[in-house]
Amino acid sequence: MTEPLLRVENLQTHFASELGTIKAVDGVSFDIPRGGILGMVGESGSGKSVTGLSILRLLGSRNATIAGGRILFRGEDLLTKSEAEMRAIRGGSISMVFQNAMTSLDPFFRVGEQLVEVLRLHQGLSKKEAREKALNALELVRIPDPVAKLKSHPHQLSGGQRQRVVVALALACEPDLLIADEPTTALDATVQKQIIELLQEINQELGTAILMVTHDMGVVAHMCRTVAVMYAGRIVEHGDVADVLRTPQHPYTRGLMASVPRLRTEAAGEGHVRQRLYQIGGSAPLPLRLTDGCAFAPRCPEVGPECWEVDPPTVASGAGQEAVCHRRAEEKAELTGVAQHVGA
Amino acid sequence: MLTTFDRRGRRPRAGRLSAGLLALALLVSACGGADAADDGPAGDPQSGGTLAIGIESDTDVLDPHRAGGWVTYRVNRQMYEALVDEDLSKTSEEAPIPEIVPGLAESWEVSEDGLTYTFHLREGVTFHDGTDFDADAVVFNVRRMSDPTFEFYDDRSAGQTVFVWQHLQSVTAVDPLTVEMTMKQPFSAFLRLLTQGGGGSTGIISPTALAEYGNDEIADHPTGTGPFRFVDRVRGQRITLERNEDYWGEKPYLDSVVFRPLPDPSTRVSALRAGEVDMIAVPSPDSVSSLEEAGFDVATSAPPHLWYLAFNMTDPIFSDIRVRQAVNYAINREGMSEDLLRGTTNPAYSVLPPANSAYEASEEYFEYDPERAKELLAEAGYADGFETTLMTSVDGSGQIVPVPMAEYIQQDLADVGIRVKLDTTEWITYLTEWAEGIPAGTGMAQMSWGMTTPYWLRNVTSSTLQAPNGSNVGHYSNPALDEVMQQAATALDEATADELWRTAAEIVHEDAALAPIVNDKAPYVLSGDVQGFVNPSEEWYDLTSVWLR
Amino acid sequence: MVGYLARRAGSMILVLLGVSVLVFLIMQLVPGDPVRTMLGPTATAESIAAVRADLGLDQPLVQQYVSYLGGLVQGDLNTSLTMAQPVAEIVFPKLGNTIILAAGALVICLVIGVPLGVLAATRQYSLFDRGAMFLSLAGASVPVYWAALVVISVFALELGWLPTSGMYDVREPGGLGDLLRHLVLPAATAAVVPTAVIARLTRSVMVEALQQDHIRMLRANGVPERQIVWKHALRNALPPIVNIVGLQVGYLLGGVIFIEVVFSWPGLGGQLYTSITSNDMPIIQAGVLFIALVFVVVNLIADIVVALLDPRTREAVG
Amino acid sequence: MSGRDVLVQAQDLRKVYAKPTLFGTGEEFVAVQGATFDVLRGETFGLIGESGSGKTTIGRMLLRLVEPTSGFVGFDGHDVTRLTPKGMRRLRQRMQIVFQDSGSAFNPRRAVGEQVAFPMRQFDLCPAGEVRDRVVDLLEHVGLRADQADRYPHEFSGGQRQRLGIARALASEPEFLLLDEPTSALDVSVQAQILNLLQQLQEERHLTMLLITHNLALVQHMCDRAAVLHHGELVESGPVDDVFHTPQHEVTRRLLDAVLEPVAA
Amino acid sequence: MTSTTLGQKVVSPVAAGDTVAAHITSRSRPALMWRALRRDKAAVVSIGILVFLTLVAVFAPLLAPYDPLDGDASQRLEGIGTPGHLLGLDGQGRDILSRLIYGGRYSLTVAVLPVLAAAPIALLIGMFAGYFGGRAGNAVMRVLDVLFAFPVVLLAIAIAAVLGPGLANVMLAIGITMVPYMARVVYTATVQESAKEYVEAARAAGATQAQILRQQLMPNVMSPLVVYGTSLCGLMIVLAAGLSFLGVGVTPPAPDWGVMTSDGRSVLLEGYGHVATIPGLVILVAALAFNLIGDGIRDALDPHKQTS
């Protein structure tokens, strides 16, 4: 087994609040191999963005602390690095793009200036070299007329172009890992698709690994190889995208998949009866974890008495697909029981 | 009080230090080296140097005819001279009333009937612009102030100087060095009024300059005959004068004089302490003793100044003489002078200020006696006191510290049961309101004023000069007094006039028509470098004798 | 740009016209007769009436105003009632002095206020932040004239470092150096309140600027914090700072009266105060008009600077 | 479908804004142009478009919350664009709007119950004494608790606020409901709740709805007919099946193509 | 209802859900604000100080050791710690402590009353101009522009000069001067709030203009006004003191703190610093307290602070 590019082990990120400690990220572990694309999905407040920010130690707020775990990047624990070392990593070997393309660029500086600033910072280039590389970066993200765009201010670009510039900025120093935090959420559907395709192409061309944080299963389906589903600060299910989407194991994943309206492929015909969507009741909890038990229990259609009291176990199913659920554990136990019985 | 010439210290530093700054300040004074006290004889007067005077407000126009107020006159006086002058070289102690001495007129005669004044002009005098001074120049100036038919007649000058020229019939140049003025009626105060400068003054302006600059612009180009000539003026910052090398008389020692307006008393004192000015007018009473301690000289005098209250005779309460007497008895003038004003004033018991030919000490009137005041009030039917209003300004020329003084009076009157509300107004507004007469509901109004001529009394008590047509703001009316004052004003010789004025003053006292409070000592504070400054019995001074060590 | 300037100039003229009407109306109500003041207590009613007629003060209000405006259009600001001097000769030098004082204060505001606000914002809720903001609030709560006297007593009298008052040494009026020495204390005192205002505003816009997405993007790209703060965040925060600085000019022009009085600074504020109380209409009219003019122009410049600072609006102006 | 009559009618609607620049008004900007369509009684009509396509402006013009520059809006025979303010106020009882939850759809300083009650009082729909009961009924009907009536907007989650928005819109017992991106700010699980609620209510109350959205799947799920907007102009409209299966216009095709279905490749 | 398994009916949210705000907030908005304000130590201390000063002023006759107007000139200017006179005596020999105690009656009134009086006027003007915009609103704002171009202190002096000195007139002058500033705050808030959807919702629900203004906008534009007004109170004490300094303010011998400061300034440099400094510090403390409360209210109204 080769060492993964990024290995997150039992990450704990806590926020101090009046209500007590909010465990926004509560023991999250995952790997991203070199060149891999991991999708991290979940609803707002599930801890997926905090996970992304924790990796680069960009939490900002003074009441946020990384309370435990390890973040191994190329084998080195980022949590032990000094702030100066982290600065060299940020934008150098790991970079990040954020949700809001419209505001992710400094409106007061030209696109070129912003690219050059980052390039010179990390690669110690001369102005001229940096300008050349900036142009390369813009070409890389397939922006039309890149020479002119270098001289543009962000407001002169369309939303899609701006997000391309943001991606260019993130990729300028050819990082090994790109953390994309809902990079397409604020974009129109057509633009969203273009950006996703762009990220895929870059992944293929440069081998940049991507951590794709999103709430949109559609995005995951279209660009990720593996997926982790987060709920209340924990990963409740992960595995290959094909497996998880086709045969979701966790009740939450199942609910999520069922509650999204789909485009029908065939005409419904006149006077058809509209079907209701599946709905997960209630809303996402605050990850306070005052008691043990499954955080999804209050909303779970399959909830059993043990779900309220005992942390659910991790259950593997198929090739690397794992879910954290009492029900699945029971079912598996039954199956193995049957198998053993049969085998015996 | 005599000016002391030989106090120690030049530009001394203030002694008190705030605790936190002590160390720092010590350091600084150690580095700078404290100024050693250089006691010793003043030595002989020497020429040269620039004297900087911190004055209490910016000056009005530098046009002697138009200008009002003492502050401006103190500047104009150094550049302009009138036909007749006062001898300002003596302190109040040496000369309680400055003697009338020749100015631009070397001598003069008054006709028997008191109607004709003949002035013999000084020869060889030139204005600062080189124009010769002669009889035509005098006529030109007088007509500017008094003859509406004259081309250069100026109604503002006329308005300011009407008190001088009110009885003038005509003015003629008999010959180049003789001027004759004819009066409509005898006017015993005329010569004294020619020397005055509280309102407009009669300094002679170069006719050439007047013709060149016109009535309005002449103030920017003062051109007189005086010992100092105008250099420049930066409004709000300074007025600079320099020695007139062609002066006909004793030339000043000083190369130049700078008047620097510093309206805020604390700032004025600070500037003096810091050595930015050599001399200041009107120090705050509380600063005088500490300035003295710090080595500054204080020159006081007894100018014709009276800080007084006028009663509203139309007020039902104050129309009662017993009430007016009670107020007079109730005020502790000594206490005010000593405690509040720290000896910068003298208690005043006479309605005529000391620097006045008709003055006589009249302490028998209204010495502090609150019990007597209470009795009088009880007699008048106010055993429980009453409520009234005292109007006063908050600042102003010669007003000393009007609000604390009014508050002091307020407390004294409260002790005898009179509850006083203060109505305070800024000076200029106050002047207007005051000149309109004391309004109904207000019992008393405060003012400070005075002239070296007893004629002044008429201004504030004559029934013909009741406000708004005069300065009798309390609408006081006493036919007997009017009669005496009329006689005094038209008396042919000064002695007779003075006697009559004394009678008049007595009537005013008897009637308790006014309440004199204090006489200002007009203190000036000087650095030890300033020598030869004399504070005479006037509201102004002469700078020719001043020199710098 | 030209069209914009023309529009702004038009509205400026309207504002100034409004100011002049307002001044005119208010001054009609101020008690006190300037002519009485001019002529002193011994003047007779006739001489007062004569001077009033001479000055046109006996005409109906509207006519007085119209003739004033007529004069103004021809550049005639009239003559001071109390100083018998053309208004322009009094007002312009004093306006100049006030502008010098205000400019000095402004420099201090900017040099101290902006960095203070920036540092406080980067250390939000720290001891430094709380201390700086508390101090600036305290500064704004001090009666200025009292502070002025304390400052004089310490720096001019006790320490003797600087002159107590005035603009120049009266004996030997020096040049720029002399002026600067005299400027330090009054300007510093005048700067206290606006510095507090600017520091507080700077802090709050910087806090906001530092929370913007692109700042996070810069952090994610490893840009050093100092560069983020002083290059990017401050640049973004600058427009509201420029605007508030423009408004502070207004405060300084009119609010330095206390400073001018205590420091005997021969400025327009103190002059206007005296003129209001002495009812010297022509001075007040001109003085207030010119203060308003400077204020309006400064704020126009501030608006243009803001527009030029922001590339999104730059084309609209440039 | 031909049997149903037209409730809302838009004819050649046009809206021109003066583009605000830093310094006053600048050039004009055409937000909507030539918008013509009908909404039939009882149906759900979808208005599809990307950001800036003018869909929200059209919705606001139908309710005359924005004055059309020109064109005609009919509502059950009334000429909406010409009604007097008073007449318009009366008509508003029959047409209501549910906003995208932006946190500002409710007055932050008034209890939500009061805000839901407002239309009832305004249109005098029930005696004052019964308002409270009716509000509670309504809240419970949309899935909220009675005691929440006294709470303030910020005490609710996004999904709950959207329920409140629906309750308020229903308070005046309208016939027509304008849904302006009602779920675009919500998580998918909450979106499903809201969509189901809307469908349920439509059935119960025979509502006519106009759904403004950029989400094509939503339109297909909810709507009978739809129109596609592009740069302020209607490029295509018709029954949802037709529009989605035989798109006539390039814009529609592009939008369909961009839908990312959560289906493993 | 066919495909749903869980949602038999539309399901109520369960207790575990909702946002942070829903958990920690109490019932009403004012209570919530008070809760947030209480956490701000500076604001709490400031409120305490002002309550204390107010009580002292109210019960002045019971608390003051001496008559604030009656002095003993022979003891004048005695310093801090003079037997019987804790804070010394002023230039008239009056007990400074007693004057301070009574002074609150003037200074606190001057601070609060003009702002209270100007607020409704400013509210009316600002909301009118902000909501209706258009020509009338524009005209109103142009008039305000004129007042902005007019330096505040000068305007206050001019008005005070017109009205004459005295407590009531000072308050009137200050009140008038403040109207345009407060109106602009209201105007800005009104313009901002008017664009929000709840206003549109009210319109959609058939609200009249008057209802929108009164019920929807007013409560929302009030809060910036309250914040601004509170800070203004602090400024007003200082401004009123300044007017006293220039002689157009509260008339002596009223023991107004501003009057006391300006009384004492002539002896400030003469070794009697306490006369001006003590009331100056009280003004500083009171003004600071108002400002800190203003800050506190602003923070308390900030939803971010309420929930974090």
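In order of appearance the chains are A, B, C, D and E, and numbering begins at 1 in each one.
One rule holds for everything that comes next: contacts are C-beta pairs under 8 Å (C-beta built on N, C-alpha and C of every residue); 3 or more make two chains touch, one makes a residue touch a chain.
This one's a predicted model, so the numbers in the text were calculated from it and none came from an experiment.
More C-beta contacts across B-E or across C-E?
C-E
Compute the centre of every chain as the mean of its C-alpha atoms, then state which one is farthest from the centre of chain B.
Centre of mass proxy via C-alpha means gives A as farthest from chain B.
Quick check: how many Å separate the C-alpha centres of chain B and chain D?
Centre-to-centre distance between chain B and chain D: 86 Å.
Distance from the CA centroid of chain A to that of chain D, rounded to the nearest Å?
Each chain reduced to its C-alpha mean, chain A and chain D end up 33 Å apart.
Just give me the whole-number Å value for how far the CA centre of chain C lies from that of chain D.
So the centroids are 52 Å from each other.
Give, as an integer number of Å, the spacing between the C-alpha centres of chain C and chain A.
It comes to 55 Å between the two C-alpha centres.
Chain D: which residues touch two or more other chains?
157, 159-160, 193, 196, 200
Which positions in chain B are in touch with at least two other chains?
14, 18, 266, 270, 273, 426, 429
At least two other chains touched by the same residue of chain E: list those residues.
Chain E, residues with two or more chain partners: 4, 7, 11, 13, 17-19, 161, 164, 246, 248, 265, 268-269.
Can you list the residues on chain C that touch chain A in the complex?
Residue positions touching the partner: 125, 212-214, 216-224, 232, 235-236, 309-312.
Under the definition above, what is the set of chain A residues touching chain C in their complex?
Contact set of chain A toward chain C: 56, 58, 60, 62, 86-92, 95-100, 103-110, 117-118, 121-122, 153, 155, 166, 169-170.
What residues on chain B touch chain C, complex-wise?
13-14, 17-18, 21, 24-25, 28, 32, 50, 52, 60-61, 63, 66, 68-69, 155-156, 158-160, 162-163, 198-200, 216, 219-220, 234-238, 240, 258, 260-264, 266-267, 270-271, 273-274, 276-277, 426-429, 431-435, 449, 459, 468-471
For a test of understanding, state which residues of chain E touch chain C in their complex under the given definition.
Residues 42, 142-143, 145-155, 157-159, 161-162, 164, 234-235, 237-238, 241-242, 245-246, 248, 258, 261-262, 265, 268-269, 276-277, 280, 283-284, 287-288, 291-292, 295.
Spell out the part of chain B that touches chain E in their complex, as residue ranges.
14, 16, 18, 265-266, 269-270, 273, 284, 286-287, 290, 335-336, 339-340, 394-395, 401, 403-404, 406-408, 410-411, 414, 422-426, 429
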